[in-house]
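Heads up, there are several structures right after this.
You will see chain A twice below: alongside chain B first, and alongside chain C after that.
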Partner chain A sequence: MQKITRDILVEKAVSLLENGTVCCVLGWKKGEFDYDVTPALFESKEEIEKDFVYDDFCGANFSKYLVKKTIKAEGKILVFLKPCDTYSFNQLLTEHRFDREKVYAIGIPCEGMADINKIRAIAGDGISEIKCGEKIVVDTIYGDKHEIDAKDVLLERCINCKSKKHVNYDELLGDEGEVIESNRFDEVARLEAMTPDERFAFWQNELSRCIRCNACRDVCPACTCEKCVFDNPKSGVENKAPANEFEEKMFHIIRAFHVAGRCTDCGECSRVCPQHIPLHLLNRKFIKDIDSFYGEYQAGAEVGSRAPLVNYTTNDLEPSEVFEGRGE
Partner chain B sequence: MLKCSYDALNGIFAKIAENAKLYLPADKDGKTDYTKWAEGVEWSNALNTARSPKDFFFPQVEDLMKFKVEGKSIAIDDIREESEDFVVFGVRACDVRSFDILDRVFLIEPYDSYYASRREHGVIISCACTRPTETCFCKTFGIDCTNPGGDITVWRCEDALYWQANTEKGEKLLGTLGLESADESAVNAQKEQTARIMEKLPLAKLTTEGFGGGKTMELFNKPEWKSLSEACLGCGTCTFVCPTCQCYDVKDFNTGNEIIRYRCWDSCMYSDFTKMAHGNNRLSQVERFRQRFMHKLVYYPENNEGIFGCVGCGRCLAKCPISMNIVKVMKTIGGSAE
Partner chain C sequence: MQRIGVFVCWCGSNIAGTVDVVAVAEALKKEPGVVFSANYQYMCSQAGQDLIKNAIKEHNLTGIVVCSCSPRMHEATFRKTAAAAGLNPYMVEIANIREQCSWVHKEMPIGTEKAIILGKAAVAKVNLNTPLVPGESPVTKRALVIGGGIAGIQTALDIADAGFEVDIVEKKPTIGGKMAQLDKTFPTLDCAACILTPKMVDVAQNEKIRIFSYSEVTDVKGFVGNFDVTIKKKARYVKEELCTGCGACTEKCPMKKVPNDFNLNMDTKRAIYIPFAQAVPKVATIDPDYCNMLKNGKCGVCSKVCAAGAIDYTQKDEFIEEKYGAIVVATGFNPISMDKFDEFAYNQSKDVITSLEFERLTNAAGPTAGKLLRPSDHKHPEKIVFVQCVGSRCDACNEKGKEYCSKICCMYTAKHAMLTRDKYPDTEVYVFYIDVRTPGKNFDEFYRRAVEEYGVHYIKGMVGKVVPEGDKLIVQASDLLDNKQLKIEADLVVLAAAIEPDKSARPLATLLTASMDTNDFFTEAHPKLRPVESPTAGVFLSGACQGPKDIPETVAQAGAAASKVIGLLAKDKLTGNPCVAHSNEMMCNGCSSCERVCPYGAITYEDKEFRMPDRTTLMRRIAVVNPAVCQGCGCCTVACPSGAMDLKGFASEQIIAEVDAICK
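Now for the complex of A and B:
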């Protein structure tokens, strides 16, 4: 259950729209069911009052939308940011991907978002109603009723939430929040402890399901190239389908390298993957390595920070030390 | 009508698999997908598979031909092979209809021999639905999930599995399985029960009103396309999980000593979709987004006697990263009742 209610956000959005501070509002729009919330650009009080939602199904991170939406907007865009979204927001600012002056950011608290797949695994088919409250109450057309503890159906990234702190905002609704302890590297450590063959088999199994829909790339706030090499017929590596299994692995590994040091670990890649591939683990491996080789670094913690991979200090590890350090 | 007990099912699968590769929905790592049957593979209880069965006839990637260039001559290697016999078991009514939709694209002139060979050698055994889910809307497109088509249909009743052949191909296979004859009462009771559930589905009243052939001019310039596509990421999830999306790209892969010409699924959501020498005819995401839904709801029925290019399987509803889908489009653009 979210601590802040939809009504508070609606009131805030309407007042900022009506007093001319912002020209439109980037928010979550009610879906066909109780869980299929869609990101939307609201332009009127009526639209906001009718369709704006904020509940346990508002996982979408709006930061990346600002890259395109701020170009066309004729005034400021109001955006609601959960703590993890603010890290992506900062990282995009670090990379000069949008004009901060065209955004009015409101930090909102987040108690973790629900994973509809986990709810479905408990409630089964035919979900007719979901009420988010102290408990998530699910009704089905088959007459079943399930009361589920929200903690039991959190998205993976929320179970391993790294921070409740808002690192950028114009206004806060609720507390600024704190960076928190998480176990987000446990699964990476488990993979590191495997033999190379076991690890290869793990990724082979996971990545073999990839359908190359590019949802992971298209949702990723660190993937904002105007034209991705994989979409560019002139790049020589453009492809819409895996030519073989190995190539499929290469796509995800190349992408992980490309966002290394810039990935804030927002977890959108794994959230949207239609094949439920734990793509975030590739990124977390890089984050864990960067932390151990160069000292703790959190992408997006502040605007303008120099990521270790694009910086040089005389204390930097030599490649040989990195190599020798492996397997410890 | 014939029937078999659930205890006998494994033996029947083994018998089918003697003469053809058998694929059926099986659970793995919490997901369900068509899996090649072998001893120990269990038929899943899930409503449907994550991936649609269109891969069986129209795989995501397939090599079409190879050629070698030597000096001024080109040697073309026709690598086509006759498909082997196979059986797909447990296909739902929506997905069975999707094969008809694909047939109308691939089996008209110019006839697609790659697709046709698989169609000829494949036997479809469909399975009637008993527990539809909230994202189901096959009825909107006139599909009866209690009575799916295919070469053979099975009904999963409490006491036994009931079988009925619908085509000559189906008769032939069913004749080899040695099943006992049965009356239809259990099947009829199940059909009635499922029909009652269908009435209760949240999308039960969704209609195709306002869509169909001849609606291009009326719908093409609707202002609502902009807000509907506003948050679209331009990924290919909807098109790749869709059982009826049939667009593909043909590309050449240079291995260094020969060229492999292959085709792969394409997505109208992609920026280089149908890009040609003159450039791209859909430069914005609004245009790409509109293309997908106009194709399914207007262009396809216009060219195919009013048959819509969607089967209401609900995969895109479950999988779209931003939860935008054909139902939301139909309710916003068309005249569908709540």
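Now for the complex of A and C:
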């Protein structure tokens, strides 16, 4: 299998930019440190050749950026999509959030991205330099050097990867993968098996760490509302000061309800959470319930699919029948 | 800030018996916005309404809360009262302190406390109410009747008689329904066909009535006065306009082994058939499951013998779209399946039959030409056992049958027993019953004639088991009055199977958004006061689709439904419901969630230009609600992820204010 490297992507991006297919490129560039790679919009060959990065820290899902960027762009935007990103891409198309005509999507295969927190756990603090390659090589300011196998420090979402298949693209680099039978619901099942008190204690512990930085919402490809309820003065919850340290639970629960049936389980919320709250578990609980009540449904698997929660048909079951497990 | 008046009704002692109405009025006076409060014995009386009108004028009220019975009862009354005093009718809120409070509580302190809380919630809502103005919509002056049995026929005739156009959609190839299959009708014993077929002919000849036979309603959109209905005319492979009904094809068709459903499969018909001699329309129909020409292209006899050239093997299902102002449901009933009643050996022996099969066996046009012969050996039965309540009046936990009384079985069983004894006096007839229920005009007299004049053996008790033995059926039963077990060697056992709504009713109810009870009978708008209207505006109920009924009751209800339809179609314009959804375009994402959940197809999208703060313009897709089509169900408001969609009169903000008032 062809290994996708930075050079291949740069070459592709530059040629599409130069032949006029696209007017700009959504890609990754290095942040302050080697591991905080951030999304960036490149408009020239020079910018791309100078700053474009592709390594084990390119976890960011670009789908959401297209909502705002396609409005302003004069021509097509080139976007690189990992398999999981294509599900978000499709979901946004289903919701008419951007114009497909204004995007040139290139699917790139993915073997999983690295979790800096796991690297920190091995290498300790003070990381000065990280080189990605066969092994991830970490240098610290204390002069330590660690060679880490990328497989040992994968993001949670990559360990439980649900699909290596691209569900939407204009061009595919490398080989197409398959949808995977993952164990992503195991942790949800473990929580379900708890007593209500245990479960409450678990979430109280997790969510009480929330600092309401809104990173989860801001990164979430399902959170693209013109006006978020949490920013709407009329909603009654805007900028509300929490009455106690656990009131933030309401924020996360309301958000989970808002994205229910639309969340593709891309895992961005947990990836960006600075407090390491496993937010994806809330969304996965909804996905698991929807699967069991209404039959398996993967948001974003195809454009225009009618999610069970927002699909009226004359054969709809009564709510009582759904709870009796008579749904398909 | 609103100026709110609170009016607490005693409803005689209905409310005042368990709620301290004076205390409620006093407590609500302290709520924000309330400037006036009063209590009165009957707020709905003329004097009570005058009290409200005067208060509105004297205190310049901008909104009122009436603490009284359910809004289903008097909301319209008090809205009219408010309008008469110059107040917008949608500034009225009802706090239901009767059905939801005084009737369910026994102790005064608890009742009073809850009444105050319900009142507070209503006040909180009125504080956020805004005046609403309903729109008007025209009325399509044509009615649709779904089902062509006696109920549908009578309704159609009555509507047509008033000068309005009516279409009947019947899923079978002919109208007539169950009544066409009956032999005689109780309690007068006139022949069913003799009284039904002239009406069928009237329908066929009436210029105002169109019959879509062998057709189904597949889609209903729109609302009262303006329904858009799609009707599927199933391919019958015969051109209706050419077929003369001569029957030559039905005699020559070589496929003779087709079960004849009109005779409940007790004999056979041809693959091309006319259900019965008096069918309307009298047009042949090909059964595609049996026709050799349609199955493998080999035959074509019918098309050769058809002088009119009416046979068309290439015919396809046809979809017709039509507009209607009103829809009448007359989908009728069926006997329940006897598959779960193994104890009566229905599936083991051909000589255990249902009462409807008995009707066909005694009908001159039936499989035995009216001679009462056993289906198994065509011998005359000498001992017949009738079993009543098979599947009716079952325990709620018994999954085999129905909890309700099927109502017609006592009378038709008495009829069958009497007719048998009349025609064949040598036949012994037993009827096993739980009770005999005969509360109709001349019904009890009829039943007593069966017992006293015709010597039918009525035995109180249920049959436990029927066992086929040789050519006999051993009926084991108990006689509860004599307190002994009986064993009867019968030749024929007739089961009075419970009746249930036709299976097509449930999907139809969904299409019409008409409500049903747990037994799939359509629900009335009010069980006593609006028995022929469904709660869905513009949808009316006729016949057994609403509950078990005999023919006289069905015809009476059919006429009543027709009169309601005529009342509706006589209007030129209808006032709409202003409590409809609307989308806040500044917040709408155009994501299509609302459109996907809308049962009425009321939501569309448009691209709209928005002026941005930096003087640029931006095209955005936004949802637009058609207020004439929206029914205000609120599905869209919960599906909307951004909260752009809201319901006028029931805004999320108002509901939350009510909840807050209750929880405070």
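One rule holds for everything that comes next: the second predicted complex is superposed on the first by the 303 of 328 C-alpha atoms of A that agree within 3 Å, B and C clash if a C-alpha of one lies under 4 Å from a C-alpha of the other, contacts with A are read in each partner's own complex, and residues count from 1 in each chain.
Everything below uses one rule, namely that a contact is a pair of C-beta atoms (placed from the backbone, for glycine too) under 8 Å apart; a residue touches a chain by one contact, two chains touch by 3 or more.
These numbers were taken from a predicted model, which means no experiment stands behind them.
Looking at the shared chain after the overlay, A:Ile127 reaches chain B, while chain C stays out of its contact range. Of the two partner chains, chain C is the only one that A:Ser235 touches; chain B does not reach it. Once the two complexes are laid over each other on the shared chain, residue contacts for A:His258 go to chain C alone; chain B is not touched. By the touch criterion defined above, A:Cys213 reaches chain B but does not reach chain C. In the superposition on chain A, contact is made by A:Glu226 with chain C only, not with chain B.
Chain A is touched at more residues by one of its partners, and among chain B and chain C that partner is B.
The interface of chain A with chain B overlaps its interface with chain C at residues 227, 232. Listed in rising order, the residues of chain C touching chain A in the complex are 507, 510-511, 586-593, 596-599, 605, 618, 620-621, 635, 639, 641-644, 653, 656. The touching residues of chain A, when paired with chain C in their complex, are 71, 94-97, 224-229, 232, 234-236, 258-259, 262, 306, 309-312, 314-316. The residues of chain B lying in touch with chain A in their complex are 29-31, 47, 50-51, 60-61, 131-135, 197, 200-203, 227, 230-231, 233-237, 239-241, 249, 251, 253, 262, 264-267, 270-272, 275, 317, 319, 321-325, 327-328, 331.
Remark: chain A residues 31-33, 36-41, 60, 65, 121, 125-128, 141-142, 205, 209, 211-215, 217-219, 227, 231-233, 238-243, 271-272, 274-276 touch chain B in the complex.
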